[in-house]
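Here the chain labels run A, B, C, D, E, F and G in written order, and each chain numbers its own residues starting at 1.
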């Protein structure tokens, strides 16, 4: 049982984090709060991906002692998995640009309806 | 947010820091091979240096250094550099973005040619990311309404 | 020595928790900003300590440098916003 | 032992040289003042415009090269790789950055003084470090003592410093020294928040201001500015 | 309403936690993500691309087409920000008087 | 991976996330989100993903917080919930 | 453990002590300006001592010099951000706490 908790607890915390973001997205009325919730949701998913890359007693995915002798054999098990890092690295920058677009749309909404609360906007729209 | 204020201390410190931030950003772009870093990170830091200038020195001076028009041109040209390198590989007779063929014109072994191709691609990515980050911040902080020069002067004075 | 770094890191995390009290409950925006700036400096040191635990500190020093160079941008922006709007 | 004696003698020689130079400057100043008064006003103005333009270009070139070398030193330190390829990349990126922002780093500093400035700065650094250390002990004592003996107040004073770099130095060192932080600057007037009435009186002695004026050569400022103008006119007359 | 929201969130979370039972253990060296393609990248990166940083070589060389797409996404985000917010200079006077977004 | 650091940082991150969505003042929420990004960067560098941590550091310190503050300055600051 | 590593331990512990003092000050002091006294001074010296300790542990290399440069930038940035935020508080009209 203890082994089960130790090997799985961080997945549970990621899911809790994701659910916090999910609650902010569907439960909060303010649009900026929704954007913040989306940010938390995205980071939770990125966190989940990165955690699949980790190996016990492995070092960073940057090959050591590279200068000079390129012949020595590289043990893949002693380096972390680089593939999730690559996918998530681009995802973070894309996250920021989507944040920018979301904020731009938000400013446009504020100019038109003069409020950022969802229920007020829905009333004004009728 | 983009108005000029009388904060002499903050402006002077920003003036001292900005060249170091920029050279650090270029270091990050160029040394992505041996240490963490690369086009995305360096581009963001380079954009942040221009944002720091915009916040501390006001809209008018910042537009003389980096205007929204320049940002648009840069963001397109970085993407063009990226796909241009890919196209060069295609012209030299291999697949798109297969930098091994660049050894024909660079006169090095294919592994080194791949390394140089990665460097070129990183530079393109860095330029695009820098310009886009600056452009997004410019639009959001001004609300998209760019005042004429006289109006900025009125606002400041 | 590894254990020493581990305990030092844990102590710094405890201090981050204490600062986070001021960041979460602290009355007003200004106290929060002061707390976040303090957390930023602690982050910088913890990153280097992690580098020593991994024994690859030349990789971690770059991230630390980013925080040293860019951490005051957020504070300046908040200060400017407060100055423009005029309300705390 | 011998080294300290050597340094003392060198310092003394430097002082004597400086004194002689000051006297020569005053002599030049008086002579050139007489000469410049005889000139007609318009000719002088035209000449000044021409010369200031030339001086501006010269200053820009100096700024450019100095920024370039400073950034290149920083690059070498960051990079740590001394092969030809990386050094070439460094030269290219330093050229780019010094083209982009050559007017930022040394905007209000007279280039010729930098060597003396560095020397004086390193001479004054231990004093500042000791001040910072006592400041931290003070804060630690205040924070950890159960009674917390604080009595805050805001005081303000005028400064005689002129350039913005020395203002930065003064404000930052006020923030780092015991019991005081700079909270505002309006029209050359510093507003300082002191945590204790006792430390507030320490600031009134003006020791720190004098030190900073010495480091950033504010005291020599007026003479040097005049000497620059005068030597130009003097060369023209000759 | 609020009860419904919290119920939705909790049920979704429980389903996801049930799903983690089949996930590999945290830090397992033999987990599926690190056994198929990434060992090849790690072993060949120095010989094929002369780049010690495996992340950079995968980012820009092995999966360069992917990164081109990501860069295009960022560029599109910048362009769409301009299209959403920026107004032309000539129309500015009119914009301030009447509401610009009604049309 | 450094296991003792992992659980501590995850707890701190949870505190930050809950605080960020429950504060009524939007500027405060943005600032707490900045602390959240700091802790995220620590978490990723603890897991060994140095490049991702680098990206998060530069993005959060340079762009993210500043963008959100600019947006708040263009719209309203107080929120109802 | 060689002599350099042993030498770095007092520096690191001193840095930790000043961090602790700054944090306790941040929690205990009565108002915003006095809290800035704690963070503005305490963190600067604590970072300096910690970074000196870490670079002594590293020995003589480029990395050690880089670590010291981080301290230089912190010395520029930390008092400036303190000044910026206190200036904003002053302009917004936040009254300082006075002893009764």
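Following the convention adopted for this analysis, a residue touches a chain if its C-beta (ideal position, glycine included) is under 8 Å from a C-beta of that chain, and two chains touch if they have at least 3 such contacts.
Remember, predicted model here, so these are calculated numbers, not experimental data.
Novice: Using the touch definition up top, find the fewest steps from chain F to chain G.
Specialist: So the least number of steps between the two chains is 2.
Novice: If each step moves to a chain the current one touches, what is the fewest number of steps from chain A to chain E?
Specialist: So the least number of steps between the two chains is 1.
Novice: Of all the other chains, whose mean CA position lies farthest from chain C?
Specialist: D
Novice: Looking at C-alpha means, what's the farthest chain from chain F?
Specialist: Centroid comparison gives D as the farthest chain from chain F.
Novice: Count the C-beta pairs in contact for B-C and for B-G, then report the pair with the higher count.
Specialist: Ranking B-C and B-G by C-beta contacts puts B-C first.
Novice: Quick one: report the Å distance separating chain A from chain B, using the average Cα coordinate of each chain.
Specialist: From the centre of chain A to the centre of chain B is 24 Å.
Novice: Between chain E and chain F, what's the gap in Å when you average each chain's C-alpha atoms?
Specialist: 17
Novice: As a quick test, compute the distance in whole Å between the mean CA positions of chain A and chain G.
Specialist: Measuring from centre to centre gives 31 Å for this pair.
Novice: Scan chain D for residues touching two or more other chains and write them down.
Specialist: 78, 168, 171-172, 182, 185
Novice: On chain E, where are the residues touching two or more other chains?
Specialist: 26-27, 47, 50, 52-53, 55-56, 59, 67, 74, 77-78, 81, 84-85
Novice: Could you list the positions in chain F whose residues touch two or more of the other chains?
Specialist: As it turns out, chain F has residues touching two or more other chains at 1, 48, 50-51, 53-55, 58-59, 61-63, 66-67, 69-74.
Novice: If we count contacts the way the header does, which residues on chain A are in touch with chain C in the complex?
Specialist: Those in contact with chain C are residues 59-60, 62, 64.
Novice: Touching residues of chain B toward chain F in the complex: what are they?
Specialist: It is residues 1, 28, 36-38, 40-41, 44-45, 47-48, 51, 55, 133, 136-137, 140-141, 143 of chain B that touch chain F.
Novice: Over in the complex, which chain B residues touch chain D? Could you list them?
Specialist: Touching chain D from chain B are residues 6, 8-9, 11-13, 15-16, 18-20, 22-24, 26-27, 30-31, 34, 65.
Novice: Going by the contact rule set out above, which residues of chain C touch chain A in the complex?
Specialist: 54-56, 59
Novice: Would you mind writing out the residues of chain B in touch with chain G in their complex?
Specialist: That would be residues 7, 9-10, 13, 16-17, 20 of chain B.
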